[in-house]
Each structure stands twice: as structure tokens, then as C-alpha cells.
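Both complexes below contain chain A, partnered by chain B and then by chain C.
What follows is the complex of A and B.
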């Protein structure tokens, strides 16, 4: 187990990177704390797998360093790093039995056979593979094969971290849940550092203690699932996490209020008061879950026109036009919707200001 | 579509005109394989003296051929040669493929160099080695002689055998190597990456990742090399002419002597059919054993 530190780490697949756009992974500083279950969330092509392969040593970074507990391992080969990685598609040794597959990493470390036997039995029990240990893996279905891939990562006792590269892509949905729960169990028992790459937000939010969101080759936010939802640090996080995504409206700032189409909307208390002074692009962001829609005829909030209602059974997603902008609102199932006197109310604590796509907060709020 | 399902359309209609669709294929196969083969069968059961003068002899030619000592020896020699070829070329081809660079400019260069021997016509290969192996003017022959070995492929049966074998290895190992290389290229990177993460040694990677995935191409390589080497003709014919004595006279050369040299068409036809059946039998044997091995690994 180890604390993994990335220092000015960057990677480009071009031979000689000339501009920022040549980098698959832009210069990044980040620390993976020991014993934490992380999810690495981001769309395809945002640099997740690149970062993972650099940490496991399959890829040599163009710039920067990787440190395990302060020790520089950037130049070390994969096999010298004590790191486990599970791939998107099951990788198993076809000619071996399930037992031999699980024992393979331990045998390569030349552990005593007795210890190998115990360790494999323990992991097989955990992954429900105990009954087919003597079977050859060639004939097994893909979920069993992926369990073996997981098992080969878990069976080692000395790993600094286990990296999962979208390991449940090929697994049936109902098995997905049970395998994910297994992983959570494993984490609770072993307190290993787990880094779980996914582009599925549900998977990330349910699995992880902390979620790292990547976008366009850089880390845009590292936070708890709750913070990602309530205080997205970047408009991308707002769009990507949550369904439907966060609403963003272009706005101007006047004192502690955002001004949208002549209407004043009070911003969250931790928004700096001088946020509007620069010439940057400003946006007001609010989650569909926090917007309130009222029909009482009183003159508060912003007038809106309903364009579409999607009834999900447990809640309603209402699409409404405010001036030239479109907003989505999630309403409780029992709310009665009428076309008249429809107004949207923005609760101040959830009305966030974004400057150049990044969340504007007072420095005193404890965030950089 | 749903109406026809289970309705009258489910009943198969008999229409013999469908046979016409098979006719072109049948005609093609008849002219390319069946007619020539039947001509040989025809020769093998008759004694033909002239166009109007022929006698049906039944299985007599077959009996004669099977008891012919010269042919038995050629058959034995042929088996020894073909198995020696397989024993050398298959492992060597795998080794070459494993050692080849996987991508980049060097990979292309290696591929071209490996493909070169395959592009040279058989009798040219024979000529090349005939000169190369000469102790007076050939580079190879002079070098071996300089090492103090009394080497003469035209006079010494052992030297003749060694030269024919080395020539075949030079000519055809590339084929095995290229087939294996394509098989290795088809293995996804993740397998190598997983093996590195598991801390596997290079040997373990070859044994547990590469070899198991090569099964199918190896089957093709074994079949091709067996068939080809079992039918070898031009190279030893040009190199040694089958000598010294009969020491490098393989089956096809014996057959050619019988058919074209002595013009014994009946025995030659019977011999051809037996020759053909032997190849067929061995290909079947290789195929079923290797498929069995493959299935054994899957279960």
C-alpha cells in the first residue's frame, strides 16, 4: 500500500508536442491518498487510461514524475512497481485452470506453494470462484473471466494500488451490481488504494469515497460524490454529473446578484463580490433538482414558459424557456403544472457563479 | 414475414431444377480434379500397349508397386525427410517470429528479407545451392572445407542429405515464421500488459500467452510444410539429381523416373494414387491430433 503522487505529470502521444492540444494528459499534480477508493470519471478520450497506464508503468510519461510513498518510480518497469491493473476486457491465460490463473502472479513472485494455496482459496471464496477452481478458463463466460482478471489483481498482498480500467464494461447489468458490491467489500476489508476508471457516473458515485473528474486531459475536480453534485468546480462537471445535467445561463453580475434578462438573481453567499469586475465570460449555474417552479401569481423569481414535460414516474423533468435560454427542472411527481403564471425561483445557496467555466468562490471558503 | 411463419411457406417445396444451380461448380470440379484423377485410375488398372491395344489387369500394378523395394526405400527416405523438415522448421520458425521486431521500420525490413527465399523458383533454389555448396568455387562449400571438414555433397550421402535439408530450411522456414508472426500480431496488447503486471518472465509470456494463441496458424504451418516437403522434387533434382546413388531420391523423383523415364504408365498411375492417399491420410492425422490438442486446452 502506498500514497501515489503525480508531480507535473504530462503525456503526449506525438513525438514532439508543440502545443497544448498535443497532450493527451496535460501537466497534472495530484495525490492519491493511501487506502482510499477513488473513481476516475470522464468521457472517452479525456486521458483517464493514459494516466492509469503511466501509474502502472505500461507507459513512460513525456514529462513529470510518479512517486510511490515519496520514492520516484517513473523509470521503473511495471513488474518492479508492485501495482495491479485490471483491463476493460477480460485477460486470462486460456490454457491454465482458474486456480493456476489466480496463482500466476504469486508464483512469479516465487512465494511458497502453501501460502499461494491459501491466498488463492481466500480470493476464490470472495469472488465466488471456489467451485470452478479446477476448470480450464477457456470455456468460461466473460463475467467469470473478468472475475478471474479481478482476482489476479486482488490475490497479491504487496500491491501499492489496484487500478481498474472500466472493468465492468463487458459484464451483464445485473452482475455489474454484484461485482461492484464485491469490490466495495474487498476495499472495506483490505483498505487497499483502489482507482477505478469509468465513464459511468452512477458507477463512479456509488463506488468511490472520492471522485476525480477529468476533462480534456486535465483533472477538473477531486471531491466527494456529494460535493460534485452540490458544488461542481467546472461547468463540465455540472454537465457530466447528474441527469439531466446542470443548467447554465449567461449572465452579468451586479453586487451579490446575477442579472439574467433584466432579472436579478441572488447568488450563493460564498461568491466573491468583485466577481463581475473582469471581462471574463460569466455563467449562472443551478441544478435542475434545486430550481423551484411556482404558479402562485406572485412577482418573485423569473417568468418562464414550459416547452416540454417528461414524466419519469417518480419525478417530472420540465423543460422551460427563460428568454432565449432553456432550463430543465426536476419536480416531484405530485406537483400540478399549469402554463399560466409559471415562474422559476432560484434558491440563493444553490445559485453558483462560473467565470470562464470555473466556479467562483471566495478564497476563504477553503478552496483554491 | 410473420404471415408465412408457420403457414404454407413452412412446407418445403420440392423443385429439382435447383440442381441446375449446382451444375457449374460440378463441371468446374470435374474438369479440374475428377477427370484427371479418373484418368490416372484408368491407367492404374490397365496395361496399355497402344491406343487400340489394352488389357485390364485389376490390382496387379498396385501389388507390384507395394512390393517394389526401390519404392519402399524412397518412401522411407521421404518420411525421414519430411519429419526432419517439420522438426527443424516449425520450432525455428516460431523462434524467428518471436525474435522479430513487432512494429516499425525494422519490422518491415525483416518481413521483406524473410519473404525473399519464398519468391525464388524451386529449381533456381536448387541451382543456387548447387553452386553455393561446391567445395571448389561455392562460398558455403569452401567455408566448410576450410573448417577442416571433408565436405562433398555429390559424393558423400550424409553431406548430400545435410545440404538438401539445410536448403529446404533456408527456403521454407520463412513461411512458418511469417505465419507465426501474423498469429503473434493478432494477440491484443492487453495480454502482454497483464502479463507484465503479473510479473511474468519472458519465458512465461511465450509459454502462456503467445504459444496458446498460435495454435491455429501452427496447424496451417504444419500441414503446408508436410504436404510441400512430401512432394519435394525440383530442388534435390537440381542439386544432387537424387544421388549419390539413390540416397536423396525422394518419392516424386522415383515416380517421375517410373512414368517419364521408363514410361511404365500403369505402375506409375498406381503409385500416384497411393502417394496421394498417403498425403491425405497424414494431413487428416495432423489435423485431428492438433484439433484434439486445441480442444483439450479449452476444456
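What follows is the complex of A and C.
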């Protein structure tokens, strides 16, 4: 069991960092709660691999501490921390049998052979490897090899957390889902802390109870997959999660409305009432799925001009101009587009306000 | 100036890679080759380029037989999945290289390179070396080099497959614009139906070295001629289950029979394969006219704005695609429902026999 705490953790690959931009990982406080399946999501260069390497002990941080259940492990080597790692490429001994591969970490721990047998049998059962225990690993397909790699981590009795680094990259697409399902089952049965690093939103959101999104060396949101979609905390999350990404329009604020080109758009009820009071960059954010399009010329909504329609079969992606801004709208396949002039309706519950790229939200508003 | 395949086939050590095929790609047209890995897409591109010689048949370019003509004597540009750049050349020289080889004069090179660099958003990176660029930028350089050449035939072999998801989304839109302006016959190979739908143009579905169907991607999506084409043109693929029609009632798998909707009523009694698009499998108990499937979640795959709920139905893997993010536990009990007016019917050999009339199911938002 482990609760992993990052305390003022920061890292720079420069010898003497002078400014914020020298940091690959900016000073970060974060707690990975015990027994939760996390994903660490971000594009390449966001700092996620740096954070992972510090937690696993491959990299010593420039500043700050890593605590496992309150114990400072910052200076400890990987093998002195009770964590296991699963990499992109399976780390297995090809010439040994599946059984010997799984037993290897336990034999290193010098456990009695009887206990090793029981433990290996248990893990092999969990991973559907029981029938191939006597086979040599070299003869197996990539998904089985990756399961063995995972099994070598799970089998250890002293492991409190498993770190995954893009573990499904080399797995054939049609085998990915069975492995993803297996990971969910493993999590349910083992209740270990799992941290899954990836740049792929589907990998992250499918795997995780909670997703940690990184951007530019900072954590910008820690939330459920649903909240990343419905309440992105940062414009980056709105853009990065979801396809197409979220729309953002420069706006002003007047009371409980955003004002775009003279049109008033009511904001979500969980937007604080004082959101517009200070001079800052304000943007209205709404996902393409939530915008509605009407053609009957009623006097509600914002007038827009359709510039492009992409028929994706199951839906239509419409590009529309509102003033100088361009928005994307996802419509159901049956919607008939009768005119290039339309009005866009912004449902209040999905119309969010961003100040200096961060979501303005009442502190008490039902956050998970 | 069309590109024509006249009974082209390719056999390698008695294994048929391409079955005899006629193909006509119009001058200035945009074409997508859609197929899984191993379907023959790359072989077709290589035959078009002249990198491979067909076993039988002729390749005609602008009316001229170019079957035996070497690739460097044809005006062809090619972009691969794995980006290839000259590591010691700057971005500028990387893009300029095809023009230098054909001895275009300096002023013109400068103009053309800057024009293409602007199109691919590389204008601020022209002095960099490839190693100083991100993967996405490196692939932009490779694309710019292909565009600068003003080839008659521009071949792209899954050029975005190695890039991150968001980058792929952005580059796809830029590429669509740049390729439309190129004036060349463009052939773009991909395994991703979404890409074929977004890029537009003429889609050619390739499977097992044959052309299964050809036309606008959205049209193939709505009116596939076979189950195979229906499944290839869709991600997740169309759900399929065997069933029967008897006395104006249809039955999918072990589901309770329902009255056959209008488009299936004219079919003779007998066995069929029924197909349902994933976003037409909705959650919750159906109405009386609908088919309700009681099942358990295999996996909820969440893509960011959609949730693909995988489950088993009648011995096949099925997927329901829902808008939004819906966390569901593995093995959780669910009800899924299908409106029979949305069901495609194929004969037992997989040939289409009835297409749903999309208007009849009304508007669902």
C-alpha cells in the first residue's frame, strides 16, 4: 500500500536554473492517493516522463521531496522503493519459461519455494497465463509478453505501486481492449496504486479513475474522465481532451452572462458572480457537442455563418464563423443543414468562463 | 491526365498480392486508399509510383504507357509513415532538395520553398536541422518536400499514423488544404476510416488485394455494398449478428423477435446477417418496437468526447458508441437497444440486401 506525496517537487535539466522556463517540471505539490488508478496525461515535452522518472528513482530532482507513506525516498534508488514498472516494451527473459519469469522477483526476495509456487499460480490465474506457465516466453505474442511484464510487478509481495509507461504502444489494436480489461480487473483485485503515463487520451480516460493532466511542466487538472470533458479546468484540457477540441471565444462578462459581439450568453450556474470584476483575459468555452444550431430565425442564440460541413457518417462536424472567431459544432447525422446562415444556441449548463486560461468555478460547486 | 490501371496484378513467388484490377484516377483528383494492414495499399502505391513492376497489365499516365518507366523518370512524389529527412540539411535545404536536383534556378527555389513552408507552418524553422524539430514538425518538412516538387502524382502512405492524436487532428486539416491546392493526382493510404471521411474525395476500399467499393466516403458509410466494406468504413466497425426474417418478423441472434420494419419487410424469409452502426446502439430499455439486449459491459473505452461500450451479443463483440463520457464498470449489467429501422441486412455471404432509410427513424439530437 502506498500514498505517494510530491512536495515542492521540481526539476531542471539546466545546471543552474534561473527562470521558470528552465524547469521541465515546475514546483509541484501532489498526492497520489492509495489504491487509486491514475493516468498521467499530456503531450510530449509536458514533463510527465520527468515526473515518472523522479518517482521511480531513475532521476534525482533538483528541488523538493518524494514521500512514500510519509517516508522520504528522494535519495533512494529504484530497487529500494517498493514500486514496480511496466515499460513500452516487455521486459522479460525470453529463454526462460513463463513460470520462471514470474518467479524471478520472488527468488530474488529469497522466499521459500512453496510460497513462490502459490504466489505465481495466483498471479498467473489473474492474468490468464495459467495454461502457458511451462512455455518459453520467447515463443509468445506481444500481448502475452506484456502481461508477463506486468505479472513480474504484481507478483512481488512488497509492491505498493505500479508505474506504467505507455504499456500498450506495441500491442496490436485488436488485442488492446482485452489487456485494458485485464488491467481493470487487476486493479479491482489488487487495489494497488497504479499510475499510467500516456499522451493518448483514450488510453488515459479508459484506464483511470482520476486523470492528472500536465501541460508546460505543470499539473493543470486532477479529475475524473467525466469532469475533464464537462468541466475542463484549463483551456489546454478543453483543447487536448475531446475531438474536436473545445471552442473558446474572447468575451466580456456582465452579471451572469458572457458578452460576445454584443450578444449575451448565460453562463453555467457554477460560475462565480464576481468572475468579470478584474481586468484579465476572459474566454467563453463550450464543447462542439453541446452547441445547438437553429435555422428558423428565432431571436435567440448568436448569428453564425457556416463555412464548412464535414460528414463523418455518424455525425456532422460544422465549422461556423461568429464574428472573427471560428467554432466547430458536432451535429447528429440526421440534422439537415438548410442554410449557411444559422444561429448558435449555447446551453447555459455547458457555457463556461475562463479567466487567464483557467476555469472560473465556485469553490463549492459539487466537485468530485 | 488520368492515371489508369489496366488489368494490373502483382504476384510475388506465387502469392497474389494484387488481383487483376482496373482503376481510373482522374486528373487533379483526391483519392483515399482505405484498408487494414496487409490489404495491399502500399503495394498499390508502389505500383503507381513505378517502384514495382506489375506482373500483368499496364499503367497509363496521361494516356501514355509508363509501365516500364523508372520512378525517377516519372514526376512522382511520395511521403511515408516514417518521416524521412536529410539529417545534415537545414529545413530549407530539405524542402529545396528536389528542386536542386532538377536544377531549378535559385530565385525560383527560394520563392517556392517559402511558399510551401508557409503552407505547412514551417516559415520560422527554415534554418533548423531536423534533429531540432518535434516529430510533427519533421513530418511537415517531409510533406513540404513532396509538395514543392509539383509532381503529377503525389502518393502518401499513412503519413500521419506515427503522430500523436492531437497533432494528427491538426495536420489532417492543414494537409487537406495543401493537397487540394497541389493540382496533382493525390493518393492517400490510410487504415483510419475517420481520416477518409474527413479528407473527402474518392475513397477506394482495398481488402485482400481487391477493390471492394469506390465512391465518396460518406456514401460508402451509408450504402456499403457488402458487410466487409461496411465494417471497414467505420470505427468502431459496424456490429454484426446472424438472425432470421420469418412471416414479417425479424430476429437478431437470440433476441426477442420484433415486427420487421418497412425496409426489411419485402425480404424473403430466411437467414440474414444484420448490421448496426455503433452509434445506433443506444443505452437503456427499448420501446416495444425496439430490440432490447440485456448484457454486461466488457469494457468502457473513453476517447475524450465519446464512450465506446463493448459487450457481447449473440456470440459477437458489439460496441455502442455514446456521446460524452460515461464511466461504466467492467461486468456492470446494462440494457442496450436497437431501433430495427436502423438495421442493415446482408445475405449469408455478406452481400447487402437492405439499407435502412435514414429519414424514417426521424431526427435524434
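Assorted remarks:
By our rule, the second predicted complex is superposed on the first by the 353 of 368 C-alpha atoms of A that agree within 3 Å, B and C clash if a C-alpha of one lies under 4 Å from a C-alpha of the other, contacts with A are read in each partner's own complex, and residues count from 1 in each chain.
One rule holds in what follows: a residue touches a chain if its C-beta (ideal position, glycine included) is under 8 Å from a C-beta of that chain, and two chains touch if they have at least 3 such contacts.
Model, not experiment: these values are computed from the prediction.
Between chain B and chain C, C touches the greater number of residues of chain A.
Contact with chain B, but none with chain C, is seen for A:149 once the two complexes are overlaid on the shared chain. Legend: residue contacts after superposition of the two complexes on their common chain; A:313 is shown touching chain C, with no touch to chain B.
By the touch criterion defined above, A:109 reaches chain B but does not reach chain C. Applying the stated contact rule after C-alpha superposition, one finds that A:325 touches neither chain B nor chain C.
Legend: residue contacts after superposition of the two complexes on their common chain; A:83 is shown touching chain B, with no touch to chain C.
Contacts of A:180 after superposition: chain C is touched, whereas chain B is not reached. By the touch criterion defined above, A:250 lies against neither chain B nor chain C after alignment on the C-alpha atoms of chain A. Residue ranges on chain C touching chain A, taken from their complex, read 134-135, 164-166, 169, 193-194, 197-198, 200, 217-218, 221-222, 233-234, 277-279, 298-305, 310, 321, 323-327, 330, 358-359, 361-365. Residue ranges on chain A touching chain B, taken from their complex, read 53, 56-58, 77-79, 83-85, 87-89, 91, 93-96, 104-105, 108-109, 136, 138-139, 149, 152-153. Chain contact summary for the complex, chain A toward chain C: residues 43-45, 177, 180-181, 184-185, 188, 199-202, 205-206, 224-226, 228-230, 239-245, 287-289, 292, 310-315, 317, 330-335. Chain contact summary for the complex, chain B toward chain A: residues 188, 190-191, 193-194, 196-201, 204, 208-209, 212-213, 297-299.
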